[in-house]
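Both of the next two complexes hold chain A, though its partner changes from chain B to chain C.
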Partner chain A sequence: MSAQLDSIYEVARRSFLRAIRQPAAFVPAIVFPLFLVAVNSAGLDAATDLPGFPTDSYVTFALAIPFIQGGTFALLNTGTDVSTDVETGFMNRLAMTPLGGPSLLAGMLGGAMAIAVIQTVFYIAIGFVVGADFAAGIGGIPLLFLLSLTISFAFSCIGTFTALRLGNSEAMQSMFPVFFVFLFFSSMAMPRDLIVQDWFRTVATINPLSYLIEGIRSFYVTGIDGEALALAFGISALLIAVFLSLAAASLRTTLVRT
Partner chain B sequence: MSESPIERAIEVEGLSMKFKKGPLAVDGIDLHVDPGEIYGFLGPNGAGKSTTVLMLTTLLPPTGGRATVGGYDIASEGGRVRGVIGAALQEAALDVHLTAREHMRLQTALQGVPKDERRQRGDELIERVGLADAADRKVGGYSGGMKRRLDLALALVHRPKILFLDEPTTGLDPQSRSSLWEEVERLAAEERMTVFLTTQYLEEADRLADRVGIIDRGQIVAEGTPAALKAEIGEPSVAATAADPADRDRLVEVLGRFGTASAGAGGDGEAWVRLAPGCGGLVSVVRELDSAGVTVADLQLHEPSLDDVFLEKTGRKLEGAGDATGEHEAVSVEVAA
Partner chain C sequence: MTGVAGTTSGAAERFWGVARAVAWRSTHNFVTNPALFLPAMIFPLFFFGAFAGGLSGIDSSPGFDYPNGYTAFEFGFVLIQASAFGGVFTGFGIARDFESGFGRRLMLAAPNRLGILGGYAIAGLTRALMVDALLFALALLVGMNLSSNAAELLALLGLALVVNIGIAMWAAGIALRFRSIQAGPLMQTPVFLILFLTPVYVPQDLLASWVEKVSAVNPISPIVESSRNLIAGSFDGLLLAFLCGGGLILLFGIWAVSGMRRAEAAGG
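This part shows the complex of A and B:
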């Protein structure tokens, strides 16, 4: 057991080192989501005057975006790294060792989680620096941390599965706009009940990302909201269950060995 | 209880690989490799060399036949096979963002080397392949030769009994190639490691391999020691070019005293002969040409090569043979008779 844990740690360490040594991928994954907050806050600040808008600070409202967008970057970066391993034959190197598929998967996702910890700390810190409200209070921070990591884990599972199916880093990167579309057609910029267009409101309502955003947002805007958190954790758990299983099955195919 | 020594390091019977919608990449090959032997698997691109290696290293389930590696069946005892083999596959599968030392740390951990021995084992192998000065540099900045050497070192961390090297020197400069050859020779000689080496370089197979299997279009067309295979071809041949093209027929007549001589098709005074056994060799040819008064501009002795073996068995020249250094061990003599 300790040998397996040791192997998982070493694979995770390698994933983490590889990620932070690619500044062109790592830095945008942390910084770029904040640009979206800045742009939205500048352009949509007047939205706080709408009747029923849940807060008078748009920055407070928008701070959920980086957590989710950071997750989509985690998805892309994890996926690109995994598909690169398939392309370069590194996966064959791993397949030649006694390392089991589940341990390999755990290691790869462990590295992605280490990056997610950095992202989460950064976004929480930025929230305090810009003076955003944090309705959940200091006691809510560990729960926010947990939800953020759960969401990132779910996204990393999606990225790993997609990469193992595609086995091609260029194809993986071309998927980025697809994932981004999900973010835009969500309650990212406006509460669902204030979205004027019926079709947009319908799409945002069936888009699971809306509930992940609303779960994070609740910490900043309304405080600990049991329903929002249950939905956010529940959807994340569902995504993890589905995509972790699919990734494990795909890994068995990729790690073909007798 | 000590393990009983295995009779064959590798034993292959009727091994086949048929890809879906693809060709029969490996077509029922039989071969064996004895413990401590270097076996050269020689063939052109697409012959089936790498597919065979992937099957023997358990990374590709065969579609027919059977094989044992280290005494274990590749299809049903994959885990045990992987425990006794090391492999450096065709592409040096390295992470460009990690250093050599970090690769070693990962590989030693995954191969189950005890924690307190990992650092020492890694450093020892890095030193052995001559990468000590570059051990803390990211692999992305390494040359092709350095990557190959690191790949080899990584394949050795768990002290495998059998080493698979798939075209280990393809694309390397002569110095890197030579240094890798020395390491492979050392592994076989000092550590009694069995080496299964695929190559498309005749010189590599000739220098390293105790025995050679030549594969073409998925089938083994010849097998034996390099010397025995070349001996099958016969004696060396002599090629000569008459200084005056008009002397070509006289040149053919003189060469014909040493075997069956042929004139070149180009009309430039060229002729050649495969020397008959016991005919005296190049010195006798020179003497006869001198006494017959035939002046030659060029005279070359061609020792039979593995390329000749390949040509004999397949009717084609081995692709890529020219990439290695001069396989035709030609002795060029300018004669002014």
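This part shows the complex of A and C:
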């Protein structure tokens, strides 16, 4: 058991070090989501005048975006690392060691989670720096932290599965705009009940990202909201269960094939 | 004199020989690999749907006076965005080739290494043409109001392709310096940034705060605005747009060529 934990630790350490030694991958993952908040806040500030808009500060409303967007970067970076490992034959070499598939997955995702911790601390701090409201109070911070990491873990599982299926780092990078656009089909920019177009409101209602955003947003806008949090944690847990199982199955195939 | 002409013609021949081969390989890889082909084709359609559909109420806001409606207004942006990302995807291909060692072999074999860059650029243009054609077909299918004549349509396509080459050179410069696909976020994130700092959702006059100031000096803004004018049947701002696009190609062309020199110095 101890040897297994040591192996997981080493794979996670490698994954983390590889990420932070590549500023070209790591820095955009932190900076770009904040930029999107800045642009949306500048362009859509007038939306706070709409009757029924839940806050008079668009920045407060928009601060949920970086947490989710950070998750999409976790997906991209984890996926790219995993697909590079497949391409370069690192997976082949690991297959010849006693390290099992679940330990390998745990290690790869552990590295992504270490990055997610840094992202989450940064985003929470930025919220306070720009003077956004935080309706949940100081007591809500640990819960926000937990939800943010759960979401990042779910996205990393999606990235790992996609990478194992594609086995192609170029294709993995090309998937980013496809995942990114799902944010625009959600309640990212407007509360769902204020979206004018019926079809768009329907898509935003079906889109699980809306519920993840609304879960994070509740900490800033309404305070601890049991329903929003149950949905956000529930959907994250479902994504983890589905994509972790799929990733484990794909990893078995990859290791056998190699 | 004949000797000089002969040398020039030989250099051009070597350049095009390499460029043709690299372009063929990249295009073949793109078209025959669904994992590369589908995301490139799908994501502009998604963006078009998200912007033109989700925000269509904006065309009734005071001061919004674009005559062809919000779908056409957003089409102008999405066409430029799709072409720009065609360029970014070209950079991904270069980074992957150099990371896997193929780039090193390519440099050893190529009698003219700038031909390698030219080949990737041609492949990027081919990709952009496919994506732009699909986007046009979809826009017309959903009833986009198009007022352009043939010359204006040609100019619109020209603008999109100029942006594609410019951004491909940007991404190539990054790819050749890092020679790792892990530099992918560095290729695409600044492109997202500069695109979203144009008049994406509303015309320039309706922008407010700091975005308005940045958008006013953003070299992509005249390109986006001119593409919208062309859709509405006007050549207004076209010269400035092509000047900005040409500037991008020149600037990032130098960036890409110096990247190639770095890759040569590092042994591929």
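For the reader, a short list of remarks on this structure follows.
Rule of thumb we're sticking to: the second predicted complex is superposed on the first by the 256 of 258 C-alpha atoms of A that agree within 3 Å, B and C clash if a C-alpha of one lies under 4 Å from a C-alpha of the other, contacts with A are read in each partner's own complex, and residues count from 1 in each chain.
The rule is simple: a contact is a pair of C-beta atoms (placed from the backbone, for glycine too) under 8 Å apart; a residue touches a chain by one contact, two chains touch by 3 or more.
It should be emphasised that the depicted structure is a prediction, and the values quoted were computed from it without experimental measurement.
Looking at the shared chain after the overlay, A:35 reaches chain C, while chain B stays out of its contact range. In the superposition on chain A, contact of A:238 is made with neither chain B nor chain C. Touch criterion met: A:99 reaches chain B, while chain C stays clear of it.
With both structures placed on the common chain, the touch criterion links A:22 to chain B and to chain C. By the touch criterion defined above, A:90 lies against chain B but remains apart from chain C after alignment on the C-alpha atoms of chain A.
When chain A is checked against chain B and against chain C, the one touching more of its residues turns out to be C. In the overlay built on the shared chain, the residue A:50 is in contact with neither chain B nor chain C. In the superposition on chain A, A:10 makes contact with chain B only, not with chain C.
On chain A, the surface patch touched by chain B in one complex and by chain C in the other comprises residues 22, 88. Contacts from chain A toward chain B in the complex involve residues 3, 6-7, 10-11, 13-14, 17-18, 21-22, 88-90, 92-99, 256-258. Listing the residues of chain A that touch chain C in their complex gives 22, 24-25, 27-29, 31-32, 35-36, 39, 42-43, 45-46, 73, 76-77, 80-81, 84, 87-88, 166, 168-178, 180-182, 184-185, 189, 195-197, 199-200, 204.
Considering their complex, residues 33, 35-36, 39-40, 42-43, 46-47, 49-51, 53-54, 56-57, 85, 89, 92-93, 95-96, 99-100, 174, 178, 180-186, 188-189, 192-193, 196-197, 200-202, 207-211 of chain C touch chain A.
Partner chain A is touched in their complex by these residues of chain B: 57-61, 74-76, 78-79, 81-83, 85, 87, 89-91, 93-95, 97-98, 102, 105-107, 109-112, 115, 138, 154.
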